[in-house]
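Just dropping this structure here.
In order of appearance the chains are A, B, C, D, E and F, and numbering begins at 1 in each one.
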Amino acid sequence: MRILLVNPNTTASMTEKAAVAARAVMASGTDIIAATSRMGPASIEGHYDGALAVPGLLNELKERNGAYDAAIIACFDDTGLDAARSLVDVPVVGLCESAVATAGFLAQRFTVVTTLERSRVLIDNLVRRYGMGGRVKVRASDIPVLELEDPASGAIGKLRAEIERALFEDGAEAIVLGCAGMTDLARELQDIYGVPVVDGVAAAVKQAEALVSLGLSTSKRGSYASPLAKPFTGAMSAFAPLRAAG
Amino acid sequence: MRILLVNPNTTASMTEKAAVAARAVMASGTDIIAATSRMGPASIEGHYDGALAVPGLLNELKERNGAYDAAIIACFDDTGLDAARSLVDVPVVGLCESAVATAGFLAQRFTVVTTLERSRVLIDNLVRRYGMGGRVKVRASDIPVLELEDPASGAIGKLRAEIERALFEDGAEAIVLGCAGMTDLARELQDIYGVPVVDGVAAAVKQAEALVSLGLSTSKRGSYASPLAKPFTGAMSAFAPLRAAG
Amino acid sequence: MRILLVNPNTTASMTEKAAVAARAVMASGTDIIAATSRMGPASIEGHYDGALAVPGLLNELKERNGAYDAAIIACFDDTGLDAARSLVDVPVVGLCESAVATAGFLAQRFTVVTTLERSRVLIDNLVRRYGMGGRVKVRASDIPVLELEDPASGAIGKLRAEIERALFEDGAEAIVLGCAGMTDLARELQDIYGVPVVDGVAAAVKQAEALVSLGLSTSKRGSYASPLAKPFTGAMSAFAPLRAAG
Amino acid sequence: MRILLVNPNTTASMTEKAAVAARAVMASGTDIIAATSRMGPASIEGHYDGALAVPGLLNELKERNGAYDAAIIACFDDTGLDAARSLVDVPVVGLCESAVATAGFLAQRFTVVTTLERSRVLIDNLVRRYGMGGRVKVRASDIPVLELEDPASGAIGKLRAEIERALFEDGAEAIVLGCAGMTDLARELQDIYGVPVVDGVAAAVKQAEALVSLGLSTSKRGSYASPLAKPFTGAMSAFAPLRAAG
Amino acid sequence: MRILLVNPNTTASMTEKAAVAARAVMASGTDIIAATSRMGPASIEGHYDGALAVPGLLNELKERNGAYDAAIIACFDDTGLDAARSLVDVPVVGLCESAVATAGFLAQRFTVVTTLERSRVLIDNLVRRYGMGGRVKVRASDIPVLELEDPASGAIGKLRAEIERALFEDGAEAIVLGCAGMTDLARELQDIYGVPVVDGVAAAVKQAEALVSLGLSTSKRGSYASPLAKPFTGAMSAFAPLRAAG
Amino acid sequence: MRILLVNPNTTASMTEKAAVAARAVMASGTDIIAATSRMGPASIEGHYDGALAVPGLLNELKERNGAYDAAIIACFDDTGLDAARSLVDVPVVGLCESAVATAGFLAQRFTVVTTLERSRVLIDNLVRRYGMGGRVKVRASDIPVLELEDPASGAIGKLRAEIERALFEDGAEAIVLGCAGMTDLARELQDIYGVPVVDGVAAAVKQAEALVSLGLSTSKRGSYASPLAKPFTGAMSAFAPLRAAG
């Protein structure tokens, strides 16, 4: 089984970190194909970055079409997830939806700890749309995404302080790490705090494997019907759908 | 007051229709600047088209920055609304949110009638996010967007049949037209059915005028904080933010 | 366009303050007709005062019928709004619904700061009914309404302290002032805190103007159907409807 | 135990019918004091009638203050309930809240069948506020309230047809009769349909008795704090509170 | 009227305490039959204890079938309530649902104070299912159930501290005691804090009496249809239904 | 990896069918241990059967403790799920929660088709608790569980008719089969209708595998804390917890 993991930002080191995390949990027989977007922002912090990361994401999905059995969008904002599902015929999963669905099997109430305040409500809106609004609180720990790469930044300390607030103020029964860049910290934090700590990259790998194993793919009836054939103009002309919807 | 009305699809005739509707309701002293996206799909039908319309939308907003006091995104899917709000400092409004907010002053329960089934849940999710989920039903009338331009298509008949189902099956107290391409039909349908019929373009003009008159603009605290300075790559490099967030 | 602004309490100085705020934002061509209720409580603090303010409100609407194109109920509790909409054929708007609808275009999450604890849940219930419950928190600042008229009362200090709690404890992205008596403070507070501060009186003026400009009025199908002809007795006999419902 | 049953409309025959129903279920030791409003509409159909019935209701409560241990507002719209709770120190219950709370012990999902379409959303909003929105559907059977008094009106046939739709289309497990004027039909309909049929008058009597027996009364902390002393003007001057809030 | 009060745990002293509380509020003519489960856990703290208390509860209901007119399940977790309602033909009420329904007549917003953290979310889920999620907060006071029997345990102090947090942090307008073992404390706490304090045992007695007086019982249409005849095996074989469902 | 699949009813042929379905999708390296409850009802139809199936379920989990890495409860009602999670230290998943979580990756709106009307609201309440209430409709097809084993029963025809109503009346984008006994029909129905058809048994296997692979297990903080040591009496005495909670 070939799973395409697309990092929708253009920072290859983050792709590599996510690929390592993905390969650490993949089943035997799974192959992780890691791709980095070749157009868009170096990191995704808020709505503007996110919207401009989508063409790069779709470009990777489109160019490699037929070469993968499922795809993962390696950003916790689930950037471009609905568009990706409309585009391709294989299953596509996001980190946020995979992580909260997974944590839902482990705990009644839990907290997502993300990076910047500007991502907090964005993720809260995702969580509500997925249906988990009544069970999940979202917290921001005031860490710029790229500081997660820098041990001297104090980012880990801020993250741990926020997890402790989640446990003692929210009564959280589990923690979800709300950024793809935190993927390497899950196991250690789980050991420290003694509650499940869910990482989105790992969760997404298992959900993608599950869907492929089960012979299930995105419904093409309704919301995710294939794009209708029509002209696309200018810098987006390469994205014009080649076929009519089914 | 200068209001930029951006059509996020690339069909100039739809821009023109929306501009006519906008100018028909604008206040004296308002100037409507109509712009058509120069990159992306010819119409927006579903998530894929919508996502690829956003760069073209943001491009119009960015290039004309400083030349308008508020902006309207002239698509009922509120395409790119969050990204647009993050980008610019003036108010930005969408058609769906303007129309449902407006209808909310007129009726306790109402129905949005849109075009294709693939847009139905997308709009329903928007309506829920805006908070109107408990008061609003969304219906699709099975009309491709561009057929609204063609009197011989039978589109009007389908639309009227769906409005009648809304009135008699949903108990709708008002109707919202769920596509920018229906903007010219509102007044006639209101006369026929004797209930308020709200058009998103007209509603958005008044909401944009209201915000500017009141000296209010998008909060830059939290969700819509200005984009952080960072590299943007490839076809998206022109979108790199020029300044740090405030 | 003639907009009737009715203060449903009997304190003329509060009417005057609201009228000044309304005239400060009205469009050219708008005429604000200010009316003070001639029966009922001197201020509206809680459910009892509110219920007994409604006949006075309806009396003003009824007596001036035909002399205005839209009406504003100048109390943040939206006192008598449903009854007023049933009575007259022109649009009627409340301060709370206007303010939260307006703030909804500016921020994802925001806080209403009102006066007394007894009004807090009342407004929270309104906000939920309008659909904004998931986006809005309501706070009381422990200020009797009439103290807002007295600079020596310390009311402003209490209000500012509560706004600061909203910003730092709730993560509010904008503030709504939850009392008609705070209408003169909005601009200054917006300058101090750097987030949108929405005043209900000003917001209501723009919503009323918008509805009239758009040729829209309250739906008479369902919830707001005109009162049926029937006898009214005693002190209420003057309120008997003169006509059958449409 | 003395329970004051106030009919907030001015039709004495409806008071009498409700009093009969109340006395049929009251405990030994309970005394039902029936009162008819002496000011306001002859029946309550929609928001306008309801708002103008409140002073008459409060007047009965006020004049008899000290002469009853609990009060029932004998209209399914729960007219003036919040104001009544603020005014008096003894428990006050409404028919809608009593009926839906009672039905909630008997069925997971049930339907309220009311009279006119104009009351349907009004009751639906009440039901939501009480928290039962997810369990209850509200239907209107197109019966003017006063036709319930007239055997030749065909009202019973319309009501039965609507109950049958509730059972077969909604999957209702129980029925709530959504008008005080239907109080005499509950037992017969229960026998016909073999599901619980809940009448609001009877339910309210038992809830009022329960609260008095338990030594419980309305909280005076927060929403229902006693009215603050202040001037009331004009036709409402008799309603000025005599005491400061506790 | 005979009301069977079943304590679903096996601790007879807790049954006795609940029976005393029940008899203190019962109507004249009511007879409380107290029964203690003869199989299962000594107290119910969390999901495991609760699930294993159900056969003992159903056993008491089944053996005494015909000897009571209504039943109360004397545990605040409403242990086995749905199964009990399916089994018997007379009304069955739980403490949590009775208490929150009762408190709903007294206050707009209130707080349940229970014992252990492990019961907090369990009760919160019950409260949501009953529809009160938007009005009620649940707090745990860190008291093992059996400590409530021991004056030297400090349990009362912990409980009072939690009630004070409810009043001052949640703005609670009333308090519900969230454990059958607290039933003797309600009156005293109500006197201390001056807000309604609702005990589940007492509330359940009045709701059971109400339903019987009204001639109402559990709907056998849908959710609570009588068990279908089928084999039961092993230790559960005595529970096989004797009759086909109606 | 050893996954214990417990059928909480006592019908071994249903266990066998579920085990076949489970083994058809298990990963290489997974071992499915199938167990049939040895006490309780022959099938689970409604709340009564469900409650009395729990001791048999827990008995299987307890006796085999240490011999499995995760457990599946093979009934769509998720019978005893919370108790099972409290009891054991390894992950436990239910069919309903697994199926709706899985379908949530494939479709925005979908329908669960179950057997009897008495299970419809029960499943609807589960779906709401898991957070999917706004995205999922539940339908009953009026099939007794054991008829699914009998080709001559007409059960398949009823099921297909209900699926067609889901597609054409609900706008369902995918179907979830709401009974463990339908597990062998999923693939064929998916081929017929061209939308994803999700079977709970298969979905649960993949979720259980995922959790074990990720090193995640049920949180023991809060809701699912291990049972506290205490006496259990009578037929339940074997269930007394052997250890104190962690």
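The definition used in the following text is that contacts are C-beta pairs under 8 Å (C-beta built on N, C-alpha and C of every residue); 3 or more make two chains touch, one makes a residue touch a chain.
In UniProt terms, the chains line up like this: A, B, C, D, E, F = Hydantoin racemase.
Small disclaimer: the values here were computed from a predicted structure and weren't measured.
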Chains in contact with chain B and with chain F: which ones? A, D
Which neighbours does chain C have in common with chain D? B, E
What rotation angle takes the CA atoms of chain D onto those of chain F? Round to the nearest 5 degrees. 120
Longest centre-to-centre distance from chain C, chain (CA-based): F
Please work out the Cα centroid separation of chain C and chain F, and write it as a whole number of Å. 52
How many Å are there between the centre of chain A and the centre of chain C, using C-alpha atoms for each centre? 43
With chain centres defined as C-alpha means, what is the inter-centre distance between chain E and chain F in Å? 28
Find every residue in chain F that makes contact with two or more other chains and list them. 108-109, 117, 120-121, 125, 128, 133-134, 171, 173, 222-224
Graph shape for the chains shown, where an edge means the two chains touch. Line, ring, star, complete, or other? other
Per the touch criterion, the pairs are A-B, A-C, A-E, A-F, B-C, B-D, B-F, C-D, C-E, D-E, D-F, E-F
So in the complex, which bits of chain F are touching chain B? 108-109, 134, 171, 173
So in the complex, which bits of chain C are touching chain D? 10, 37-43, 45-52, 54-56, 58, 80, 82-83, 85-87, 117-118, 120-122, 125, 128-129, 144, 222-225, 227-228, 230-237, 239-241
Parts of chain F lying in touch with chain A, wherever the complex brings them together: 25, 27-29, 91, 93, 97-98, 101-102, 104-110, 130-135, 167, 171-174, 187, 190, 194-196, 198, 202-203, 206-207, 209-211, 213-224
Help me check something: in the complex, which residues belonging to chain E touch chain A? 117, 120-121, 125, 128, 133
